[in-house]
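In the two complexes that follow, chain A is the common piece, with chain B as its partner first and chain C second.
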Partner chain A sequence: MPDLLPVPTSMSITLDQITKRYQNTPVVNDVSLEVSDGEFFVLLGASGSGKSTLLRAIAGLTGVDHGRISLHGRDVTQVSPRKREVGFVFQNYALFKHMSVADNIEFALRVRGVKSAERRARRQELLRLVALEGMDDRLPTQLSGGQQQRVAVARALAHKPQVLLMDEPFGALDAKIREELRRTIREVQRELKISTILVTHDQEEAFALADRIGVMNLGRLLEVGRPEELYARPATRFVATFLGAANLLLARQTAQGIRVGATPVSTMLDKPANQRAELRREHEVVAMLRPEEISLAVERESLNSIYLGAGKVETISFTGAFERLRVRMVEADKAAVSADADAENLAILDVTRTQHEQRQLPLSVGQSVAVGVRRIHVLPTPLSSYSVYAVTSTEADALKQHPLLVDLATRMKTRITTQIEPGLGQAGTARPQQPLAGVAVIAAGADAGAQLDWLLQRGAAEVLILPGQYTPATRVLIHWTGEEVRRATLAVAASVLRHVPAEATYLNILPEEESDASKPSGMRELLDARSEAQAVHGLEMRTELHYGDAAALLQRELAEHTSGMLILGVTDPVDFRQRFDWLLQQSPGWPVLLVFRSEETSAPVRKMT
Partner chain B sequence: MSSGPSRQLLSELASRPGRNSLADKLIRWMFISLSVVFLSALLISPLMMVLTSAFAKGMAVYARSFLDEDTFAAIKLTLTIALIVVPLNTVFGIAAAWAIAKFEFRGKSILITAIDLPIAVSPIISGLIYILLFGSQGWFGLWLQEHDISIIFALPGMLLATMFVTFPYVARELIPLMQQLGNDEEEAAITMGAGGLMTFIRVTLPKIRWGLVYGMILTNARAMGEFGAVSVVSGHIRGLTNTMPLHIEILYNEYDYVGAFAVASLLMALAIITLLIKTVIEWRGLRG
Partner chain C sequence: MADTRQHTVLPGFGLTVGYTTFFLSAVVLIPLAAMVIKASSMSIGQFMAVLLDPRVIASYKLTFGTSLLAALINSVFGFIIAWSLVRYDFPGRKFLDALIDMPFALPTAVSGIALTAVFAQDGWLGQQLARMGIQVVYTWLGITVALTLIGMPFVVRSVQPALAEVQRDLEDAAETLGATRFTVFWRIIFPTVLPALLTGFTMAFARGIGEYGSVIFIAGNLPMKTEITPLLIVIKLEQYDYVGAAALGCIMLGMSFFMLLSINLLQAWGRRRLFVGKR
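On to the complex of A and B.
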């Protein structure tokens, strides 16, 4: 059990599965994090991502509903903010306006009954540190914004706190002062070697300051890593597009390698080792192309990178050091399809070029160009796009409007395609009009079973079954029927949970008769699953161990809660149809995402850092 | 608490093209003179009237009015009531404002409405409810008589009535102020290790001090000038339960105009001093 493990002393801040809810919606959702001694950690996220709430929870300014917070090995979850020994810097400084700079800085020392001479010495040291010597007698109102925030930093450090927490400290300052203060804070932090967490929504700030960055979205900590690592090899769509600009293209993983549209680009492949096992299975993947990794030339022959297709310059804008272009790929569907492709499925790529590149090849709007790419990163996300399958176009349109599907697709910045298959669900070997791509989506109901079989025979690996009635899920249950599908299910679950603000629970269900003998191994399976989810997929989830018949237990669980989503890993489709056919009907009212894998696709675990 | 829009805004308005036309000047002149006429008719002329009547028979008679024992007692009683009511209502006002601004609890909106109640209720009724409660025919009347405690027609009753009519002022001044000032500075103090009392005295109190003083001044002004509620519970016993406003009425009814207006001028002077203090505080508050 994690609770029994000794906390390593080199960790100054340890968060263990922190959850904070407001009116039952988690605003901080199962966040675990370790910040080591002297580390500068930046929590990056849009407003409302839960990053500030998490910071306030560490300071004790807000309580948590679940989880543990340790500072330097001391469990402070139940300790009052007074006794946590943290320094906190607020966005709007929060200086005591009626007190002089000196009194502000000495406040914490006065509280501790420190002698006047000692207070003065400490104050002078701090003012030197933040480059405000001689300002002792000023009132905060007589200082500029940047100076006020310097005072706030000095004040937060006065009592030698164990950790420094800063909540958007540069938010209210203009660009020039911001940069100056940023440098000061970095220097102060280096000099004092104090573990620091800074919250910001500004990626440039994060890059400039952080030893490591953690990106938050919808209350979840999506990815943690060194800035250059996160930028080059993000694991999620959100991080790819939030940290800098990114073109996300749907590509195809084939036995020969990655193909973007008709172009094989496998030699450029940059794929993490843990995904290699998945290479054998042909499926759709999401490829990320940074705008600066795209090169343009007049003709294909003069490109010194891998050819992607022909394009046409749509807009050009000058941004100082760089030129930004939007290039529309001219060959429909043959070329890659990006998330923001237009109605004709023509991908639009963002491209940036340096001054040097501009001089080499001046371009104008409307010009035809050959588009090449220097580097492609394939996201390890198993969910690429959604394909709605239906017999008639009315059914397809209704399904396409489903709130959950729309939510997922918008948040994943991916597309929903419609496949009208008159033969859907009927016996026969008719090939689908289009090769299967992404997650197949069908409606729950009497026909769902036959439709599922039809899709599986044609190679579908992930199928989403949507009920007509739907209330937004606040709870996601995860279960798999065999170990072969564990890894794939966890990957799918992690991907889904990055995009819905729901809490995840993994149900491990063991047969009744084994209850005593298999208890230890059941517990181990649970913990293994949890640590794999955490290490490989960055997914935090609760775990529950049950005994009994899986189908019956799930049926009961679904009946008890009105809203939720089930992610079910399935190894044997025939067995599934026999035991879980009720899942495909309208009545449970839960959306169900099925993950089918019949062979082991696991690979050595790569720790996600 | 503000003294109108800033000079900068006004000069900007004045500089707008088209603001210097004849019609514009006329309108400006009209608004200003209308305000002056209203003020002189309703405020300045009565005040002058008070002063001229008070000094109608010369300085000596004016001064002699204050030597009267009953007058002296009335002044003393008024100051005593203010001295007791203002601190009590200050404590109540801070407590209520604190509760409303810092905590979420059931019935909060009811509390906010209840605080405003004395402003809406007629002062006569404020007095009558205490008669109904503590008068000889009231709910607690018999019990009070048995234990020889007098509330009605005595100082306690007058204190209660005055407190009732004045308790909204401090709270109403502080609630919006505390909500607007937020909680950041207090949170900063807490993360630096300060306890609740220390945070209040060193951080919150300085933040709200001008609002608090302003609320206290309003409370004081109302406490000294209250007539209706106090009139009902006082019993008008000369030299014992007459406050300045009540004493003025008695003197006036006895055709002692100089006496009545002399005391009135004193009450007026107290009001003007209060207003002056208020203005000084506002001015200092603006400077930070």
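On to the complex of A and C.
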């Protein structure tokens, strides 16, 4: 793809759709990122999230399979690590043990043939910077861990690199030294104004150091933002629970506002106009309550926050500055169910209280309390939970065990409910007892078509169709049949792809006869879709432009590859049943996630003819 | 005495030191002492006569010379073998790895006979070399070949674990600092592995000095030319000249001990540079 935008010179590190695969599984999956001059960027993620691989790719220690890396506007994707002019700090220091501190620090200068006097001056400057003056002649083994890492930092800076990359630099140190070194590194970074990327799994470290944080999971860069922003308004479940503790509750978005259980907790949300449409559509959403935003009182009247329900204190533990409590919501308010996949935790809230709050209201285990909440954040994720629909409980249980569904639900930390509907797929039966919540899940097969109609009549907006046999998807195809459903499909795709280690490809399929005339507009649509996915949903995806009949093309695509998943946005269910009915029958085949919206601003398709 | 006893999980300081002393005495010190006592029954004059016999001096040169050469060859090629075994994964690697120990297990006489067969004038390799005018069998070259075979596993087996332990991070670090591959090897990997290489070299060298079985077949044992010192000792024994044999043994003992000690000291110095003050 040609360069559309020149790389701004104030960007020190620019990553463009970096992908790195090991044995065909992407460990770094389409990551794009820009780090500006002098910025301290922290990549945060659990082990195995691909953060270290990404860092090594920037340094050139690992090659990439796809994408482009630029440092200060220079494309270094094919440049060897020794010519990239980066400083790299390793978790285990990686000092040259047979060399003195001085020789270690001067190494980069020596290989560049810098004169001895100049080397010495630079070395002394660096040792002062990391507060190790006079240690020149020591051997690394004579130093403590913290001191060794200081030497490693000085060594990495000796050749005045353009960027500094640090891979868990505090990992091997104990808490106190860690904090000290953290401060040193922050000071050094500020003084040199060097663009820095630090990789860590420790969120406290990330908060303490970062100008901006990027959270990685399963090879994808999920969210990027300033620490306080990410903490207060995460977009994804993963970030909400990874950055600090979070209570995730399933709530309902109604025309009046957010409802948790029976309680309306918020009447107005200020959201950008383009999301108002989704607000008007009644649907299930995921609400995040930080433990410190929950308040407890003896009775409802003495709460000075929005009342959530009555609860009972289950456990109390004292952790120094804070008190941690687990409060079980009592029966009447059970509807306010936690979004947690673990059934045990369905109605338990984590609460933290300050010393001040503890003194005002001492609590003991078993005590009944009124629970209130000061602040609720609704995650913009479109997939709240999964509801398995089946005629018999055996069928439902089989579906519930489906590896893809289990994977998705576990990774999203959400739950799977079961709805046994004897009348499923039969026309004219009574409405289900509960309103549809989350994504409806049915099995592929001969009955799937009728079951889909049944679900759509009852307001289903997202339907996941699972084939009997399934190989874990390495490829996710995204397509929509009309512009009205584009936004919703992209949002769903982004949400799924955050939890599946697969590569995303958007297929734009134009009718054959228009191929010449529509080429420019087809191309533009592709780019628009890609930039919308990137900007609005943080989703990086490939794009392909095809000509022909969409149904035939997709059918061919599915037949060629065994492992994949299809996310299909549908505007007209009738047309869909006519052209894509084979999608519902296939076995073995691809899991298909259907997203139904009839018009951009409105509710899911309800009208069936 | 109390100070030397440290509290450890496993008891038995006294017991283990006792056994150490006992076994070292029984198998090493007492036999060696007996040899020295035997040799000391000679007068200085007689001793010097054995020591300075031109045939004996020639054998020293040969023994130490070929051992040194073989150990040096092994240091280079043993390192390369160890490198390829540690760094690369190729089909047959496990098989090759097992093959390294063969010289340990094979009776040395078998190795000697096999080498002689291959390198003889009508042998596989001997034929080719003879065409180039190189004779291996019955020359010092043959002895070197035999000693190289015998000493090779020592170098490979001491270098292998050391190489495996060289952290890839060290090489990565050097590379990000701008070092070329050659610099990475020469300034980072080699110094790190050097102590182990020296150990391997020392063991191969020591083994070469004492080697008898494989050498006598390929050496041809021409006096003044291809006669190694261990062979001279055997000859003396066959002539019932026990005292003379003991005297030769003492001299070998002294020289070997001196050389091994100096290499060990060199190594200890090197290790101190690496690991001094480690707590």
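Criterion: the second predicted complex is superposed on the first by the 575 of 609 C-alpha atoms of A that agree within 3 Å, B and C clash if a C-alpha of one lies under 4 Å from a C-alpha of the other, contacts with A are read in each partner's own complex, and residues count from 1 in each chain.
Here is the rule we use: a residue touches a chain if its C-beta (ideal position, glycine included) is under 8 Å from a C-beta of that chain, and two chains touch if they have at least 3 such contacts.
On a predicted model such as this, the values are computed, not experimentally measured, just so you know.
Novice: Putting chain B and chain C on the same copy of chain A, do they fit or clash?
Specialist: Clash: chain B and chain C overlap once superposed on chain A.
Novice: Could you tell me if A:92 is touching chain B, chain C, both of them or neither one (first, second, both, neither)?
Specialist: both
Novice: A:382 in the overlay: touching chain B, chain C, both, or neither? Say first, second, both or neither.
Specialist: neither
Novice: According to the stated criteria, A:61 is in contact with first (chain B), second (chain C), both, or neither; which is it?
Specialist: both
Novice: Kindly classify A:84 by the partners it touches after superposition: chain B alone (first), chain C alone (second), both, or neither?
Specialist: both
Novice: Of the partners chain B and chain C, which touch A:591 in the superposed model: first, second, both, neither?
Specialist: Neither partner.
Novice: Figure out whether A:425 sits in contact with chain B (first) or chain C (second), or with both, or with neither.
Specialist: neither
Novice: Counting contacts the way the document defines them, which residues of chain A are shared by the two interfaces, the one with chain B and the one with chain C?
Specialist: 59-61, 81-84, 86-88, 90, 92, 94, 96-98, 107-108, 111-112, 139, 141, 152, 155-156, 158-159
Novice: What residues of chain C sit close enough to touch chain A in their complex?
Specialist: Those residues of chain C that touch chain A are 167, 169-170, 172-180, 183, 187-188, 191-192, 273-278.
Novice: Quick check: in the complex, which residue numbers of chain A touch chain B?
Specialist: Going by the criterion above, the answer is residues 59-61, 81-88, 90, 92, 94-99, 107-108, 111-112, 139, 141, 152, 155-156, 158-159.
Novice: Which residues, counting only chain B, touch chain A once they are in their complex?
Specialist: On the chain B side, the touching residues are 184-185, 187-195, 198, 202-203, 206-207, 288.
Novice: Quick check: in the complex, which residue numbers of chain A touch chain C?
Specialist: 56, 59-61, 80-84, 86-88, 90, 92, 94, 96-98, 107-108, 111-112, 139, 141-142, 152, 155-156, 158-159
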